[in-house]
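Dropping the structures in below, format is structure tokens.
Same chain, two partners: chain A is paired with chain B first, then with chain C.
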Partner chain A sequence: MIESQRHSYHLVDPSPWPISGSLGALATTVGGVMYMHPFQGGATLLSLGLIFILYTMFVWWRDVLRESTLEGHHTKAVQLGPRYGSILFIVSEVMFLFAFFWASSHSSLAPTVEIGGIWPPKGIGVLDPWEIPFLNTPILPSSGAAVTWAHHAILAGKEKRAVYALVATVSLALVSTGFQGMEYYQAPPTISDSIYGSTFFLATGFHGFHVIIGTLFLIICGIRQYLGQMTKEHHVGFEAAAWYWHFVDVVRLFPFVSIYWWGGI
Partner chain B sequence: MAASMARSGLRSASMLLRRGANSKAAAPTKRSFSASAQDDARETAKWEKITYAGIVTCTILAIYNLSKGHPHHEENPPYSYLHIRNKEFPWGPDGLFETKHHADH
Partner chain C sequence: MAEIELKTAPADFRFPTTNQTRHCFTRYIEYHRCVAAKGDEVGDCQKFAKYYRSLCPGEWVEKWNEQRESGTFPGPL
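Right, the complex of A and B next:
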């Protein structure tokens, strides 16, 4: 296999997952529009599309793991691809969140007369930033410390400690998501309460969505670490998860300061 | 036989060269912050302690917060920019995280 090729790159075998992912995306977008308008069958098509996309992600990444861990195609040169790809993806996410912060600042720095000329708008029951938001703010960095613990454990070859560290990371993340859900449920404003609600829930909501995705990524890393699929020298998937997690963690601080704290006074 | 050995020798030499040229990009194998397994073990223990310190802090904060209880928030005055419903949600009158009694507005 890899011994018979005279280069260190990976020419992948043909695969149906790109087209299945595209069809899933088509079903999701068309179904989503149908659901919101509303047309018959919109909800069904939307759910089918989402299931298809999730299935494609599962089998595509399963194939990547098969090609790397089991078939040995991921030489150092090949590893650069996912490494740089992860970094660029995280940069694109930073840009995405930057847009929401811009939106929030646009509305909050010069509040319009329609909402009372003040920020937060008149009538909005703002959450006390020193309750749940402040509680969540150390939980995520502790989770970040745990993932760093896990990384050093992997580098030191302490495989079992690494699994414990990843369990700690994921547990902290799940606790923080639980608290955030509780906060959303109890919060007096909703997304339809003026531009405050829109910007608040979009920014915190997308951050929360990224936390959930990062948690899933870390769970998969934990399972793989438990199964012994990572080595001291070769654990690009874990590093990508850890970078993503640190991004989520650092980003958390920005909404806390600007939206919860500054935006509430 | 000798030719194939020479060829494979050439290949591994060229790969070494390429790896050398890529050494800045292949930084993961050259970790400048740790030189040995003992450094890794020390770092691991350090971050483990930091994690535990974090967990203790968060538990204390959580207990403090959850023991406070939540005051009941009064109804907001019906400003036009609150509770916007230019079009009903596809799933009904309530928001996703809203409590049911807002439905009768």
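Right, the complex of A and C next:
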């Protein structure tokens, strides 16, 4: 096992998950294109592909947890991989969301004559930023504070408290997602309502999608913490979830200011 | 042969770039706002009319007139 190797790295056992993930991605992309054009079976292939990708994520990461927590392969050197990887992934997400904010600014700062040279365009039922958006804006940073509380609890070895803190974090996140879902349901504009609808729903929608992913990650961390799988020195998965969560809640401020507040005036 | 006076819309410092689309659109809106405020019997609004007719392509003016008639004109009249 690990005692018999004379280096501190992890040479992974052969695994089928990379190829299954690729096949899932192929099915998703081809199915997606088929769905959006008049081909039979597109929706089925798209859903199958997505389910396959989700399954691959589940089993792949389950294997990572087995190799690290149960088999002990994750030395300090090995931990650097997921650490740097998470940071780079978050950077790539920042760039992704930057693109959507650029699009929003492009359309809203100099509105074209085709939409009357004004923003928001005439007839769009803009949401009042001081209602649900303003309510959600402190909820997410509070859950960011709760995740910091959880981190401190883990570092101090107070395991039960860490579980409570994670429960608080996730509850706040779920509440804010619930409010956001309600707001989407009641909002007068739809995604097809001119460039306003497109930019508004893509920017806020992708942010919301990231909140849901972050929440799921935090739930898994909560479960692992409850099962005692994290120690005060070694909890890379938790740190990655916490970084991701802080990224999500900081990003929330940008749409609030630029899209909800400024974009509605 | 009488001197024919040729004039166009004056250069507007609000629209310094080559693309004068917004200039045309703004003059069109200004004319219609003037008419809504003062009525078109008074001659004050005619200067805006001359400006937008010099600047704007005919097809755009026709399209905007149709939009105004059907209530779908997107601009702030």
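FYI, the second predicted complex is superposed on the first by the 265 of 265 C-alpha atoms of A that agree within 3 Å, B and C clash if a C-alpha of one lies under 4 Å from a C-alpha of the other, contacts with A are read in each partner's own complex, and residues count from 1 in each chain.
Following the convention adopted for this analysis, a contact is a pair of C-beta atoms (placed from the backbone, for glycine too) under 8 Å apart; a residue touches a chain by one contact, two chains touch by 3 or more.
Given the structure is predicted, the values throughout are model-derived calculations rather than measurements.
Per the definitions stated earlier, placing chain B and chain C onto a shared chain A by superposition produces no clash, and the two fit side by side. Between chain B and chain C, the partner in contact with more residues of chain A is B.
When both complexes are overlaid on chain A, the residue A:Gly117 reaches chain C alone and has no touch with chain B. In the superposition on chain A, no contact is made by A:Glu71 with either chain B or chain C. In the superposed model, A:Ala187 lies in contact with chain B only, and not with chain C.
Our summary of the superposed model lists a minimum C-alpha distance of 5 Å between chain B and chain C. Shared interface residues of chain A (contacting chain B in one complex, chain C in the other): 114-115, 121-123. Of all residues in chain C, only 21-22, 25-26, 29, 73-76 touch chain A in the complex they form. Chain A contributes residues 6, 8, 35-36, 38, 42-43, 76-77, 80, 83, 114-115, 121-125, 131-132, 134-135, 138-139, 141-143, 145-146, 148-149, 152-153, 155-158, 161, 165, 168, 172, 175, 179, 184-188, 190-195, 233, 239 to its touches with chain B in the complex.
If you check the complex, the residues on chain B that touch chain A are 11, 15, 18-19, 22, 25-26, 28-29, 31, 34, 37, 40-41, 43-44, 47-48, 50-51, 54-55, 57-58, 61-62, 65, 68, 70, 73, 76-77, 79-85, 90, 95, 97-99.
Of all residues in chain A, those touching chain C in their complex are 113-118, 121-123.
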